[in-house]
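Note that the chains are named A, B, C, D, E and F in the order they appear, and that numbering of residues resets to 1 at the start of each chain.
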Amino acid sequence: MLTAHRLFCARDDRVLFKNLNLELSEGQIMQLRGSNGSGKTTLMRILCGLNDSYEGSIKWYGQEIADQAVNFFSSLLYIGHRVGVSKVLSPVENLRWSCSLKQRVDDEAIYRALAEVGLRGFEESPCYTLSAGQHQRVSLARLIISPARLWVLDEPFTTLDAKGVAQLENLLQRQAQAGGAVLVTTHHRLNIPELTVLSLG
Amino acid sequence: MLTAHRLFCARDDRVLFKNLNLELSEGQIMQLRGSNGSGKTTLMRILCGLNDSYEGSIKWYGQEIADQAVNFFSSLLYIGHRVGVSKVLSPVENLRWSCSLKQRVDDEAIYRALAEVGLRGFEESPCYTLSAGQHQRVSLARLIISPARLWVLDEPFTTLDAKGVAQLENLLQRQAQAGGAVLVTTHHRLNIPELTVLSLG
Amino acid sequence: MWLWFSKLGSPKWFYELSGRWLPWLTAAMIIFMTIGLVWGLLFLPPDYQQGFTSRILIVHVAVAGTSLAFFPLMFVAGTITLVWKMKLADMVAKNAAILGAWFSFVTLATGSLWGSVMWGTWWEWTDSRLVSMLFQLFLLIGVISLRSALEDSETAAKACALLSIVGCINVVIIKYSVEWWNTLHQASSPISTDSSSPNGPEFWIATLIMIVAVYLFLSVSLILATRNEILERERRSQWVRDLVLKS
Amino acid sequence: MLDAIQFASFAEFLDMGGYAFNVWSVYAIFAIFITANLILPMRKKQKIIRQLKRRMAVDAEIQSESDET
Amino acid sequence: MSAKQTTTSAAFLATLKRDLLIAIKKKNDIVNPFMFFIIVVSLFPIGISPESDRLREIAAGVIWISVLLASMLSMDNLYRSDYEDGSLEQLLLSPHPLFFLVLAKNISHWLVSGLPVVLVSPLLAYMLNLPAQAYGTLILTLLLGTPIMSLIGSIAVALTVGLGSRGLILAVITLPMSVPVLIFGTLAVQSTLNSLSPLGYLSLMLVMLSVAISLAPLASAAALRISVN
Amino acid sequence: MSAKQTTTSAAFLATLKRDLLIAIKKKNDIVNPFMFFIIVVSLFPIGISPESDRLREIAAGVIWISVLLASMLSMDNLYRSDYEDGSLEQLLLSPHPLFFLVLAKNISHWLVSGLPVVLVSPLLAYMLNLPAQAYGTLILTLLLGTPIMSLIGSIAVALTVGLGSRGLILAVITLPMSVPVLIFGTLAVQSTLNSLSPLGYLSLMLVMLSVAISLAPLASAAALRISVN
């Protein structure tokens, strides 16, 4: 579904990657590997259209992304280093907004998702009272609610405990089985059988 | 040289540690271990006097630290999560200032230390043009210059490559052999034989 | 056409081309500047009412006229940067902002020196050209400080391009609103273009020569600065290395 | 040609009909402005080339060092 | 999937609601511009002259300039915390036109920081001895002028969202741009004081506002894309 | 080891030099307060009246209030970037009295942001038509007043160094504290204009400055320890 062809990216005269080809198809989970500063985050942001300092072509179902931005953005879910959870709002309020950017949601679905990621009882507390791991879980609740076909997750396993890691691995597999695709970076070794690995740098 | 007795610390009603005793003597390298959020950084900052929300007593050569602040601060070198390197200045300018807070230094020593941590050729470039690892190395050059007897290092291995890690381990051992002491946190497994480990949480 | 355009955008190409043009432009500038200055200083007859202070005017008018060219220039450069992502346009825009601030400042300074003779005061808020030139200077300084605040050069390029475009529109609005505001406060502006009519044709020819000279100076200086910018930004490319080794 | 010169003497030329300060200030500002914006870029070019040369020498040194090891 | 997709207006409303909610929870965002305005205005009787005749003459100008400063300083936080916690990226990745989402944020910001300032201005006008017949015009000009300021400031803030300390750079960029607003705002009040009709100025400001509403969010959106890069 | 230890004065000088160096490299820190001051001052003729008689009356007050605002806004970055990159912790862990190191930072800040504003003030005084006999007093009051403002502002900044958006909080804390400076500063200029001696006010300001120098750095130091906690 997502193909990148001969990508080239240089930052401050240092070539991060050149001639990079990438093909992500339905049902695939792809892990980006590479040492710190090798350009994983940069690549993800380029693929999502958040960064345009690259050369090469990126296609979504065979068509340039620029020509069908609305289409692409409504099937994309990106969670970056900064997860997009406001510290002032409660988990429910956060999800209400960030989900409604993409789809119609009712509160019930939000409460169910929050319970599933283990935040029952914290639904209404402002997020600055949450621990870092709980903070991360709020953003992961979006994975449960979202119908997006492509997930792009930048180090989603940081600050999660063992149970959380297992649950997230499970979620990724469910997405792949449902015909979606996942692009994920992490320094952990993932416990997912059908994993494709792309190494940078 | 540094002893802490019955330390207690709570943040937002959550007890991080209680009844913690710690004794660091000359020639010792102590690693703090613990999961994220278990209070390692907090403990280090308490020991350095940067944080006073604790109960218990901390002594330096048998005397309360508050009673001999000048003495203690001139034999202490702390490098935290934020390493204290200004992005606008060059490595040399940074070291000139941060070292002169503790001791008299000449430029030659600074250039030598920078060469030793592999920054030859970058001495005069502003630090925002350095990579994260090089950024970290600037602060580690202080270890080479500093005559401080106690080093407190919070995750100094992050963003260092394999060669940098080996070099730093070497530096720690040199410090211990010279009769100094080191308190260090890291999630890595250190390759230092005479290591003491203290686990939190 | 497109090929030519993208070739023009190549810094190397521009460096070589401008290297060939530069001697000619410099020569022309020196000739015009010398004629203008010598004529202006030595031969220009005194103004019927302003005396020899008309010697100020030829410099002032030339610089003032030229300094109005900067925002249009930056507007064009900004559009090219944003739409075609051409690096050369940004290198020009960066130096144009700095040079434009110089020009605005010199306009203000020479205008004040003139005003102190004509109106007995160095500054007058009731004149629209003065006030709008002052705000043009402020906007240019805003663009310069935005660039120096942003560390990442690519972000800085695009951000400054956008600000120049917005700023250009604003310069126009400010100019008209200030003018209107002034006519409401005071019927006649102290700078009146009519007062020049009694001056002979010599005055206008001298001024014209100075205007050409100042425009030539603008292009020479801008080209010099842009060439430096090219050398700095392309310092890692092979052709710059070869060039440095040769020199 | 020389008749057209507006001044009888050099002193008169310097005096500018009593407006010496204003006229000569304008020309001084103009001269500084012109020379600064021509000289500074030229000096900067020399500096850039000197820096680049030094940089390339250091690069070559590092290169040869890493070749040895 | 298409059945569940939101309309742009729903996304617009959700964004508006969220920003208002944050402002209500933080309180400072609402109270501070307001306090700043009052404090700055009350510096003038101290610094210039406490005599009521003098004050009357400068009242409209002082209020307008203080409003300008307050609204400029209150911009600082418009996108900053969203940038820091990553919400801004989510906004940029929404399938809806960024224009409307940015507009929603601008409207909410104006409701929170501009409107209270406008509402308290009659009180300050009274303290500065502005003749009563000019109150109506003053409020109208402020009602038209403050949103223009917010829209212009939004561009500047979007351009500098990644910077550490921006207080002054914001001012240096936005204040020159707000000169036309200041001119028409004060002229309108002045002409009311001279018993002339301010309608001409008011309609000019209305035109400026409509141009700003239709163009400024576009520029802000572009600026955000540049800054987040 | 003791042979190599620095004296406090060396640490003081090193800190002063470092801060000046950073300011020179960033340029914006020097240019922005200065530009802000000029821009704000030039809003007044537009907002209030461009006629020179009117301007003359408000000149001193306008300049003083603009200086107050500029110096307050320029405080924002005094400790912020040091806090963010960890240099502040190194400062707190120095064996030398924090008083002197904070004083060094304050002096460097004033040299960079206060002094240029004072130096350009005669130009603006001219543009606002302030009578020439008052220039000397105006500059003297500003020379005494701006360091007081910097020292007071430093406390407020140190208290809020960990906060995200502070532009307005700072203003709300520092502006009320600076009212006495404003009063004496403008009174001194006014009495010169009335051909009275301003010495009384000037010596009062001198006293305030000496008190501020000896106490404010202590308070700032304490505030920094609290904020870094």
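What to note about this one:
As a convention for this text, contacts are C-beta pairs under 8 Å (C-beta built on N, C-alpha and C of every residue); 3 or more make two chains touch, one makes a residue touch a chain.
A quick note: this is a predicted structure, and the numbers were derived from the prediction, not measured.
Steps from subunit A to subunit E, minimised over paths through touching chains, total 1.
Steps from subunit B to subunit C, minimised over paths through touching chains, total 2. Distance between Cα centroids is largest for the pairing of subunit F with A.
No other pair of chains has as many C-beta pairs in contact as E-F. Per-chain CA centroids place subunit A at a distance of 35 Å from subunit B. Once the centre of each chain is set as its mean CA position, subunit D and subunit E turn out to be 45 Å apart. Put simply, the C-alpha centre of subunit A and that of subunit F have 47 angstrom between them. In subunit F, the residues that touch at least two other chains are 26, 28, 32, 35, 39, 46, 49, 81, 84. Contacts with at least two other chains are made by residues 53 of subunit A. With touch defined as above, subunit D holds no residue shared between interfaces to two or more other chains.
Per the touch definition, subunit A reaches subunit E in the complex via residues 48-53, 69-71, 73-76, 78, 80-89, 93, 96-98, 100-104, 126, 147. On the side of subunit F, the complex with subunit E involves touching residues 28, 32-33, 35-36, 39-40, 43-44, 46-49, 54, 57-58, 60-62, 64-65, 68-70, 73-74, 76-77, 80-81, 84, 164-165, 167-169, 171-172, 175-176, 179, 182-183, 186.
Those residues of subunit C whose C-beta lies close enough to touch subunit F in the complex are 121-126, 131, 134-135, 138, 141, 145, 148-149, 178, 181-182, 185-186.
Contact residues on subunit E toward subunit C in their complex (touch as defined above): 155-156, 159-160, 162-163, 166, 169, 172-173, 175-177, 179-180, 183-184, 187, 219, 222-223, 226-227, 229. The residues of subunit D lying in touch with subunit B in their complex are 58-59, 62.
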